[in-house]
């Protein structure tokens, strides 16, 4: 377990899984090399795969492994930290995916809680993560807190204080929530032992001002400069500029998100704003209609996020 | 699509998946024939497999198929209606399980909603179930409403009124809730077109008095006479006796359920109260300790649910 | 404390507070004698005043006292049990209203929980009700469980088991919920020591089949025969007829409730279906528009609930 | 309506209502002059009275008026902005309190939503606030968003965008929540027309980094320097120092809040940390025991928040 990983400081892009526009939304792995190069060219130093944006929970185990293997190859030169999401499926599959992630050399693992027999207490969650940890005993593990999707809303400050060292590989959490007092409590838990990745783009300036030092933010895909600039401005004490960049980012997101649910609307924005075509979403995630996409494009153009 | 299935009237036992007491909780399929015979001997005429009690969402696709195939064989003589739960996993797996269920001759299919990209509206849920329906176009489909586990709580009266005929095979729902005005609305929706299985043991007398005609109730496994008697008493207008039987059943459940979560505590009760040994639960569902089991046994004995 | 009150068996009508159709919705107390006579003529033997239907929480303390005094006069001959709701306002006012209710000879008192500094535990609620009990030490007290309005959702089975005898006058609860397993647990708590009034019209047949013996139901105002018939049918074991009456009642309520929130739509129905004109609701409870009222009238006429 | 009030920039202390330690917790108004002087001496320029910390919802209308009159006198020289909370009681009383607040020269009014017949939509809330606005047509009005107490959780960005100019005196909201993306949306609504007071102490640094310019924070009572310093540090771009001050403040609050609910624990802290003795809380708000108070004192001393 590499100690320097335990406190990760930096920004990670949660990448989309590219699908072909065919009936089964088959994997389009051929574009991954250019996707990787695009991120590197834009200053990104880490990726999360098969997460929420990556539609991991609507893919089969075999598909998730395949995607992970291609990305592992692309990250093998160390330019991108590779975090693999292994959760959201039956526990035997989670364990298999965790083992596989370690086998292919993932730098870290992210894991949702059980989605049906949900943990009722922190102890339930700890027991679950201990099993995941045992399946990949040499890879840092992060817990994925995203209550609006998972329906699991244990308090992250209490959880991390309770964990202490009981899950050998647990290195922190992805905190996908805008409830920043809870995020703050997670940051401070156990003498700041754990890394807490902010998972919400719209409050980055606020979270970093409170002490966050890392984030996994969707817009690092299609508007990668904003998140990086916000972080730098806060570090430099340029509050006004941080606010302006945050405001620009949030204005773009307001346009994007009003056209559909988070994943399909931001995936469409990726196609509109970046040179990478990640294709449609897979059922049951409803892809935007052509009309909705056109409208989003027009509005992004009028705000100069798209330039002709 | 057999029309007589569309309005199912009767009781279905949601069977446990037997596991061996080994580290991986491997499948113990050898006891299924005696399990089937036990249910038939006790008047049960239908089963649900791989559901909540059946721990379907902590099994792999292959395991679920295997269990389904064995039960299909055991039900092939028509003494037991075979309902197969296919949901709670990534959609490609759900579709494969639905197709498989139809292939092996399941009498009906039950399906949870997507657990991570949850349906926000009835329309989202309808689109999802249409895909499941297409994968098994000749088998009656039931939607599994169990908000305390799934986190999806669309109003079932509104949902069924909205469905009308838009999901060709949809024949009704399993209503695992004690919110009986909503259950009533589901019963009456679309001119009583749909079957609404009550999924809660503790309010059977009340639900049947309101007009329910079918139920999928956990205690039909280990205390099969109670549910059947309650139903008969209500039909016969013996309210006092129905109340007494319901009271006995609820007293047993109060003892059982206080020792753990619903699935592990009732699975333990199955082992204590019936001749069938279904073994422990699988992680992350926490099996009761030996001490908890002993305490449950003592209390059930003192109330004469177990006789020496 | 009269022991026979402690277990109340029967039906109570939660009466409306009549307002004039003027800007301040001033009290229209003159119609109360005919309202009382109308209820008596229709077989009603008890009333609840200043409750939810009675708009108690949008009236001043003085107005609530005035209304209580008039009703106390009208109930003084013993034909109607008088239950006075005293809660939903600052605690000093609650205590004053409780004292006043006892002073004017109310047969029982009903009380909401504190609505802002909500009880977080059963112990918090017990401490609150002890204060109310001390203010009216000779009058049976009922706790008002109505989570959809109060936002307080403590489990009523646990609460009553915990109370035991710690609140001297506590005689039970009004259970305004359709979660019937919880209602059942309340019925059985403390060896059935407490009266549990069902507070939901739409599941009466089911609740009585489970053992409920008392109810406070809005429709006893404008459709008083239905609730009484449902109760009698269940007692007589006439399940089919109980279901038919329940179905008729629910059909009427479906029409009524779709035109607005519960209080204003049922208050309008009172004006349409009974000879008593209780007038409009008071702000912030939005009275139905004339058009909505007309539409409701037409639909009730077409279903023969209103005959010309 | 004074325009300069509409965009309030600064910090407001939500003052406690001092009670005597007698059975009825009678008002102890005699200490208010020294309370006012203490706040002024500590740099505070505005107060909120009869709010949550001020226990307004457990006082009678007469008591609230009396408290308001004394404070109005103390604020009459313009050193303290006087905001009067008028909500959380029956609407007739709210309107009387609003009228009274304007009459005594309050600088602004704060108002909770109706707590029992809760607004279901933004339109419901707008209608309610229009009535309050009419009762005090010359005084800026703020809506009190505090979902954890009120149970009303309308999205404040949507609400303010919908309001536009439909409530003549509405000048903004008190946003007592740590969900900072929603707070951000409120800030930006209607071209930043409205003042959004942050109502949460623990995320001040983050909120101000995102653009908040005003706050009503409990700890301005007993630790007034912290909030002021955090605000100044963010303005000056001293992020590290802002974080240190926020961390100190949150450490104190962690000690304070673990001994009871928010109001009684912070009221006790006021007694321990300031020279002003605001006494106990009033029922049903449970005052800390002497032992809990002693423990809090010891821990605050060990962290040097109390110096001997």
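All chains are identified by letter, namely A, B, C and D, in their written order; residue positions are counted from 1 within each chain.
The definition used in the following text is that contacts are C-beta pairs under 8 Å (C-beta built on N, C-alpha and C of every residue); 3 or more make two chains touch, one makes a residue touch a chain.
Quantities reported herein were computed from a predicted structural model and do not represent experimental measurements.
Steps from chain A to chain C, taking the shortest chain of touch contacts, total 2. If you take chain A and chain D together, no chain is in touch with both. Chain centres here are Cα means. That of chain B falls 37 Å from that of chain C.
Mean C-alpha position of chain B lies 51 Å from that of chain D.
In chain C, there is no position where the chain touches two or more neighbouring chains simultaneously.
Here, these are the chain pairs in contact: A-B, A-D, B-C, C-D.
Touching chain B in their complex are the following residues of chain A: 52, 57-60, 63, 88-93, 112, 114-120, 124, 127-128, 131, 149-151, 261, 263, 282-286. By the touch criterion stated above, chain A contacts chain D in their complex at residues 178-182, 184, 188, 200, 202-203, 205-211, 234-239, 242-243, 246-247, 250.
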